[in-house]
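Before I ask anything, let me first share the structure, which is written out below as structure tokens.
By letter and in written order, the chains are A, B and C; residue numbering begins at 1 in each of them.
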């Protein structure tokens, strides 16, 4: 099953590259130049499309965790790890691109609003997950514990969201473009961007899966020699 | 019924294979010696059988039940495991430790008192476990393992740290433990401490089982 | 009594026995909480009306940091004597072992909360008064949530490297909702306002969700 997924790597790569080309084209030519904020505003076309992949990484970590706990099949754990690592990359991108836009637009590097704050907490959960994997002694134990934390971390997300909303009250964060009467071309670019980044996400996850699988096979072969 | 059935059991710790494809069938009613050099995997095998750690691969049945399956829980009281550590709480007294285990398995304090008496632990029963000498400590661990009067004993170097008297007492008890449906798998370095006790020997080397028998 | 609840009760009783006997854990937490509250009461600008608004969140932060100290030692007794094997061999779902442990931790945390409340009344001039029943309710739900997540994570961190670093890193993001809900609800109660039902609901739901998750995964966690 894992092998079949890995075979999708090349076609996914091609699709992802195409998607990026289309997205880039739209960012440069189709999306309007914002009058006040200028070209800096266009970094939002990186910022927003990263959101779905970032959350998807979590969901993969939870699914992989559940799968591993129930079946003890290592391919589930590899899925969780790949999802988490790639998801974290996108999560980091959100946190980096946000301030790059926020400073010229609002005058602050950081704003404690709902979306950005929740993403920051999400990032910390990712970090904790990766630390847990590297600090636990014993690979079987590490996989088990990571599975547990992946599930618990994902379960915490709705509560984090609600809590941050409660704590911060009003939000400076612009929400839905259509609701706020922004031009449709912006929304279209965001949607295209999300699609393209989703493809990139899937491509990276599949590639990471492949590497993890090769690592496991190498370990297997090495162990055979070790004990022979 | 077989006491233990192992099929292709493997246990890996990272790149190291502590158990490398172990298959064996051990009938009930026998006392078996598990021998082998240090690092052969004896302790790991006992831990897997006791349900303390999951095998990486392979299947096993202990007293007819898979310890990691759905019904594994109910059968745990039918195993008596004594590992390298005693499994006791240092800050509780010996009696309190045994009473805790008794409560876990729904046993009364009478059983605790009987065991304390039988193993000669009265002098130290009211002392905190962390103050006990090695000899008493090992005897206390044995008491804990025997608490539920389990039909299958899994003992890891049980004669370690015991003085001559206690050593003999253990050997005598194992002799008396032998009977229909009652078995023991014992990992030991110095089988001479209890010659004539074992019905069969299993030898482990580098995680693999060598042919054995007597 | 059926095996599960019996085991949970035995574990709870044993943990309480250990806590009361050595008094290490409880004593250290008490001193630690007092220390932080003293530092805060010196450092906070006094008589400043705006500063008072900070107090409920600060109380919860004190509580969280103190709990960290105690939770980190949840499984210390087990790892020292190899007593984990005794727990693993309990003749029931290991989730019940978790419930026993979490129960003991929850009681310890409740004790810390009460002690912190007393300290705040004395040193920070917090008037609990009429808000007390609600605050107790919030404290109870908060302690349960923190004990549930904390016990689960402590079991995992105990056998890892850099335990003192790992546990807070694992814990804080997951218990952030408890911190925020707890401090908001405490603030409302102190201000004499009614706490919205939805908030009680979220906090209660949090406790339920994590108790369930921990109960079901504990089997895997204990199996080394």
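Keep this in mind: contacts are C-beta pairs under 8 Å (C-beta built on N, C-alpha and C of every residue); 3 or more make two chains touch, one makes a residue touch a chain.
Model, not experiment: these values are computed from the prediction.
A comparison of the A-B and A-C interfaces places the larger number of contacting C-beta pairs at A-C.
In this assembly, the chain whose C-alpha centre lies farthest from chain A is B. Located most centrally within the structure is C, per distance between chain CA means and the overall CA mean. The distance from the centre of chain B to the centre of chain C, each centre being the mean of the chain's C-alpha atoms, comes to 37 Å.
Spacing of chain A relative to chain B, judged by their CA centroids, is 48 angstrom. Taking each chain's centre as the mean of its C-alpha atoms, chain A lies 31 Å from chain C. In chain A, the positions touching at least two other chains are 138. Contact of a single residue of chain B with at least two other chains is seen at positions 54. Multi-chain contact residues of chain C (touching two or more other chains): 223-224. Of all residues in chain B, only 12-17, 20, 54, 56, 206-207 touch chain A in the complex they form. Looking at the complex, you find that chain C touches chain B at residues 1, 3, 6-7, 9-10, 13-14, 17-18, 21-22, 77-78, 80-86, 88-93, 223-224.
Remark: chain B residues 47, 50-54, 68, 73-77, 79, 81, 83-92, 96, 100-101, 103-106, 129-130, 144 touch chain C in the complex. Listed in rising order, the residues of chain A touching chain C in the complex are 69, 121, 124-125, 127-128, 131-132, 135-138, 141, 144-145, 147-149, 151-153, 155-156, 159-160, 162-164, 166-167. Chain A contributes residues 72, 138-140, 219, 222-223, 226-227 to its touches with chain B in the complex.
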